[in-house]
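The following pair of complexes shares a single chain, chain A, combined with chain B in the former and chain C in the latter.
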Partner chain A sequence: MADDRSLGSSSVGRLVSAAGVYGIAALFLAVGALLQATGIIRGFLTIQNMLNIVDAAALVGIVAVGMAFVTYSGHFADMSVPTTMGFTGYVCIELLRYGFIPAVIVALAIGLLIGLMNGFVVGKLKANPIIWTLAVNYVTMGVIRLIWVNKQIYPDMRGSGQKAVELFDNIYRLRFFNLIGLPVVMLLVLVVAGQFVMTKTSFGVKLKLTGSSLRAAKFSGISVERVITTAFVLTALTATIAGLAVTSLSRVGAWYNGAGYDFKAVTAIVIGGMTLAGGRGSILGVLGGSLIIGLLNNVLTLLGVGTFSQDMIRGAIFIVVVGINAKSLRSLGRDDA
Partner chain B sequence: MEEREIGLALEMKRVSKRFPGTIAVDDVSFEVYAGEVHALVGENGAGKSTLMKMLAGSFDDYTGQICINGKEVKLHSPTQAKKYGIGMIYQELSLARPISIIENLLAGRLPRKGPLLDKARARSQAKGLLAHVGLDLDPELPIEDISQHEAQLVEIAKVLGNGPCILVMDEPTSALSREEVERLFQIIVQLKNRGIAVVYISHHLPEIFRIADRVTVMRDGKKIATKPIGEVTREEIVQMMVGRSVKEFYKRDERKIGETRLKVSGLSRFGFFHDVSFEARRGETLGICGLSGAGRSELAKVLAGLDRADEGRIELDGAEVRSGTMADALSRGIAYLTEDRKHEGLALRLTVGENIMAPIVDRLSSGSVFSKAKGAPLAAELIGELDIYPPDPERTVGNLSGGNQQKVLLAKWLASKPKVLILDEPTRGVDIGAKMTIHSSIEKLAREGCTVLLISSDLPELVGLSDRVMIMRKGHFTREMGFGECSEESLLLAANGALGAEGGA
Partner chain C sequence: MKRAAILAVALALVALVAMPGFSQTAAQKANLAASLKVDTSVLKSADNQLLLAPSTDNRKVPTRPADPSALPETDPLHWYDMEWAGWNVTPTNLPKSPADGAIGKKIIFIVHGSHPWTTACTSGAKKVADAYKMSFKVLDPNWVKDVQDQMIDQAINEKPDMILLIPLDAKGAVQQARKINQAGIPLHMFNTLPDAAALNYSLGWTGPDDFGQFRLLAKAWADQMRKQNPGAKTLGVAYVQHAPGGSPYFARSFGPISELATYAPEVKTLEKASPTPATFDANTTMQLVSDWLTKYGKDLKGICASDDSAQSLGIFQALEKAGRTDVVVVAAGNSKQGMDLVKEGKLFGITYQTAEGDGALAVKYAADWFNGKAMPLRQNLAQHIITKADVDKFYPPQW
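The block that comes next holds the complex of A and B.
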């Protein structure tokens, strides 16, 4: 048993455990196929549906890849993701009248600021990450309601230039070879970059130390505050990217644009084999976890399961995975999960 | 002493426990009488802790038989072990850190008034338990706010509070000061008189000769012998432990002491230490001696940038150092080996290699790309130099024996090649052979020009390694002794205040 622990830190071991996630994804695919073969659901095994799954998984995946850095740092999750997504979407639409590029840049800058703030408060002031980011989520929601008085806004309603509106509407609908959507490409780029940053850079090494033992990292002369802040910034930036995607795809700035992405992302992260205790797991695993979330949503929707029941099922899966995780850590003699 | 008519409290018959790649305990039979203090000794990694963890219910896959008070029992979980009256004081402190002393002490049996916690009673019960081990602390304090040695005593109080019939102490004194050790010995004698069986693990042989009735020696997972303490000498025990004879000795090479490197003037951190001034030179080993609570570790933490000074000035090579964080201090070449190996020293879930490279991540990176390969030769060299067992950088540190973990901690700081290295109890929990290895590494470091500040409760070590010793007492530097004047007796007298009128600080 102690062996797969040491294995877990080798790159081979990481691939093996990531492969496990893809095995589960394949299983879901098989279940979907079976349900279709037995006539319980229809239209699962079509190209269009597969694209839907991948597109949905891409949006969750983009958020999850960023948030995985927070989880890996030992700070569980960033619950401010939903309104970060919603808020930056509003801002971008509002600013389209100054052009597409400036609007996107300002949106990203706002994401950056939210990340910096979260990182400072959690890293430096040692606030509880869940409580703090939940609070930020509510406050941001309040800000949205204050500015836009509960209204949804549309890209073409703000007297923005035709070109900027079209660009904003269409960019995320871009499909390479008429097949692979821009969000999917973005996700793949983020996964490769994220995996590299986590395993090959000095920041990644420090992040692992911080996540494994915050005190030991600090007592090794690592600026843990800086490391934690960077993790929150990465999360906020990927949330902004996903927020703009959701806004562009739905062609509307709405407060609910990011709803549910916090929990979907955390679930993808833990299914992907990352422990909430920090310091263990990989971005490749998180990609697999996002695929599973995408597949699950799709199958459940085809089965006619309602949104609330879907949430419940996801919640149950989350609890089971975290439970298994904690148990396997305990049997390895480290119940510091 | 009465004869033992009470019989065997504990009988372990031909027990074994293997980990992948190692047999940690190999066919060991071990017996303890009620009312006996039984010492268990052996080198680092000999299997002492593993044998005792078996008893504490840590493993469900050991082989062999365990009998308690003559009845065979299965000890497959800590709950079972507790039920059979086994109390274990672990080598690595196991208290929950952010939680108050009360809750730690009374975990699982907090007094209640109806559905509510009976605060007043909990408090007085906790106070009573603490008083028993000679502590006068506010029981509402969280564990992380008290010092190492206090935490060790709280841990002892906690286990005693459960009223065990077999009590295991795994290196209980490695975090205690002399006065506290005396107090602990008194407690052990009381327990013994009440017919409790005590197993006592220590690397400090003089302690064993003071309190043990019998001693069992282990080597490489096997039991070598069990002897009444009167029938063996120190040399024989060491001989059995290592298979050859080892003497604790200090060889002083010619030392080259250079110009001033570290200059501290008027440094204070209110409530901990006041107006401390000293200079330390290149290649010099400056010992800092004091009772626990004298402010030694706190001084070290300020020098290392972990805490802020309220007053005073620190200069390194003539330039003022105002480090707000340890990262700052480290980048200037001031490194600090903490006394708290488990929480502050090592990331137990990571590998030996990752821990050794932790302070030099930036140095091993070009741009921001980290190169593990660049650090590998250094890690391998240090593992060899300090004789870390098993000699594998990919091992998880938490699976190493206590003494080997301590060596990894030192390796980490040797790797950082500091200008000033502050060592806080550097040989805690290591065996005699390993202690000599660590000492020669420290000597080598000093010879290469590093300034070493050595905080140690081990007086022979302090006398043997230091060029000068500063005596710290109640937060003040009271005097300095050159190598010539230092002896265990003179240091002890000075640390207690020459007149010895006042008690422990």
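The block that comes next holds the complex of A and C.
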């Protein structure tokens, strides 16, 4: 799953690397099963509970799959994801009056434009990716507030047809066989596509080289600007998809709709074995990272651990994984994680 | 004898001059007379409700226990300093009303930050300010306390007739209020309760009575759970809480908990948690509630949410996935999503939280003070629980 160099030299690192992120997931499942068998928790090993975990992980997973391309390219993360999600949700609701398909297409186009701009400024103009995308996040929030005068907008109050509103509502709520939600299906499609792009295409190879060593990539004749731009565009694409799903679930266009998804996605990426320094990791690992966060939340809630303590535990895991990563990178002569 | 008579006349003259209205010019008197004729009782908010509905809360302020924190959390008096904040203040250096009329006064309205709620609140405030032809200026620090501090300096420099403030930070509000007070500018605080010491420098406080609303909601909620579960010895419930720290976090969970301890002792709290890291994310709430449903199954009979929009949508998504229609859900309202859920028969009840009324009541308080009326230390917004029976009256939503 994860790149076998990703968690290098320490004993914990070697163990994690050998088992992969799915080994950790299996460990969580085993712990959950043990707790259930001993009567400490109940209902863990049920189809409904497993589906709940996957459902909860879907939106974070969708964002993480896209953002993983930026991380893999060696540019850490895209902090403009929250307002990209919020802004495209607004746009889609505003345009529902012209039909569902045009509204979604325009929302996607605007999301891609944000990605294109981020990619150009970071790739071509060499702006710091964190600072720039954070700035874009604030500017986009300002644009939202300016255009909609600080108001929330509702799908059924913008003169939209009933059919368009129903279709929009179903972006999140459509369930196949009354079990699998559309976001889960979208996540799986994106994971397969993302894994393919990252491992089986020339773009994936260029991205890996760019993430591993920007200078080496340049000397190899790779247009790193184009590679970085594409990575940001892919992030914006998945942020827009997740933004539409969150907006559909909330039934409202609101600037805060994507709040928190940036850090949740980065956590999934890092736990999934991708290094923040770039060039190592996999999309399948990112999927595993998203599922682990869902599993962890689930087991802790069933155990009665409060949500604030859960935050601390998630944060601690993030720090430990980043620490192992950094140590591993130092041993390889790269201490920029 | 003659000297005594002169002294008596002098004292009478001093007393006369000190009487309100004596030293007013004819223009001021005319302004006061015109101001008193302004009728704001007919103004309406965007949801077609009376903008300034009179409060229906007739509860008497109880005596403060010596140490409220020593009481158990299930005792309503444990929450005394939050629930009854503003009633037991020591007015410090408060200016006297000029009693020369509200018309034409300059007020500066400092809010906490940009939000659709704030837009509606400001709109309600402006309706009342316009009725009194006040000069009305809004300053928005966008949720940054330091910026709010700077805005208070700016407002003081502009020498308005009054500053109306939603404090961003309960503790920081003490310094803010003292500063405005020392500048000799009347201050009125509203919406968010600051630290009690800040209220010493404020003419008064107006806003929603979150505790009162949730005590009312809790009773209706318990009645409905009893109706749906006749004879049940235990009714397990859970609370989806607000963001920690602010008064809604306590009022919207410990309000019902302390109320039901005596009103419906069979109601047992199984869980209470604030979805994190995003308190108002439907997806995060959905996961939390799904996990509760897994953990407690049919023992979970009711859920009380601190938000009727994203949180409630997340709750119903979890309930629908689990095939549960028997759980009685109530929430703080009244957003469009919440009212839609009430209309669909999903949410049993929501509290009426008028944003426009909140802003309007603050400006009305200021106007009444300029008009020389004796003002209470605290004025609450009217309380009401919206159910399916009357939800239609509250459309379109304010924000």
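Methods note: the second predicted complex is superposed on the first by the 272 of 337 C-alpha atoms of A that agree within 3 Å, B and C clash if a C-alpha of one lies under 4 Å from a C-alpha of the other, contacts with A are read in each partner's own complex, and residues count from 1 in each chain.
Throughout what follows, contacts are C-beta pairs under 8 Å (C-beta built on N, C-alpha and C of every residue); 3 or more make two chains touch, one makes a residue touch a chain.
Because the structure is a prediction, the values reported are computed rather than measured.
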First (chain B), second (chain C), both or neither touched by A:Gly161: neither
Touched partner set for A:Thr201, first chain B, second chain C, both or neither: first
First (chain B), second (chain C), both or neither touched by A:Thr307: second
Comparing the two partners chain B and chain C, which touches a greater set of residues in chain A: C
Which of chain B and chain C A:Ala254 touches, first, second, both or neither: second
First (chain B), second (chain C), both or neither touched by A:Gly23: neither
Contacts of A:Ile222 with chain B and chain C, given as first, second, both or neither: first
Chain A-facing residues of chain C, complex: 114-116, 118-119, 244, 271, 273-278, 280-284, 286-288, 290-292, 294-295, 297, 309-310, 313-314, 317-318, 321-322, 335-337, 340, 396, 399
Touching residues on chain B, where the partner in the complex is chain A: 19-21, 58, 306, 325-327, 329-331, 335-336, 338, 343-351, 354-355, 357-359, 361-362, 364-365, 368-370, 394-396, 398-399, 412, 416
Complex contacts: residues of chain A adjacent to chain C: 41-44, 46, 48-49, 51-52, 55-56, 59, 145, 149-152, 154, 157, 172-173, 246, 249-252, 254, 256, 259-260, 263-264, 294, 297-298, 301-302, 304, 306-308, 310-311
Complex interface listing, chain A residues touching chain B: 1-3, 5-6, 9-10, 200-206, 208-209, 212-213, 215-223, 279-280, 333-334, 336
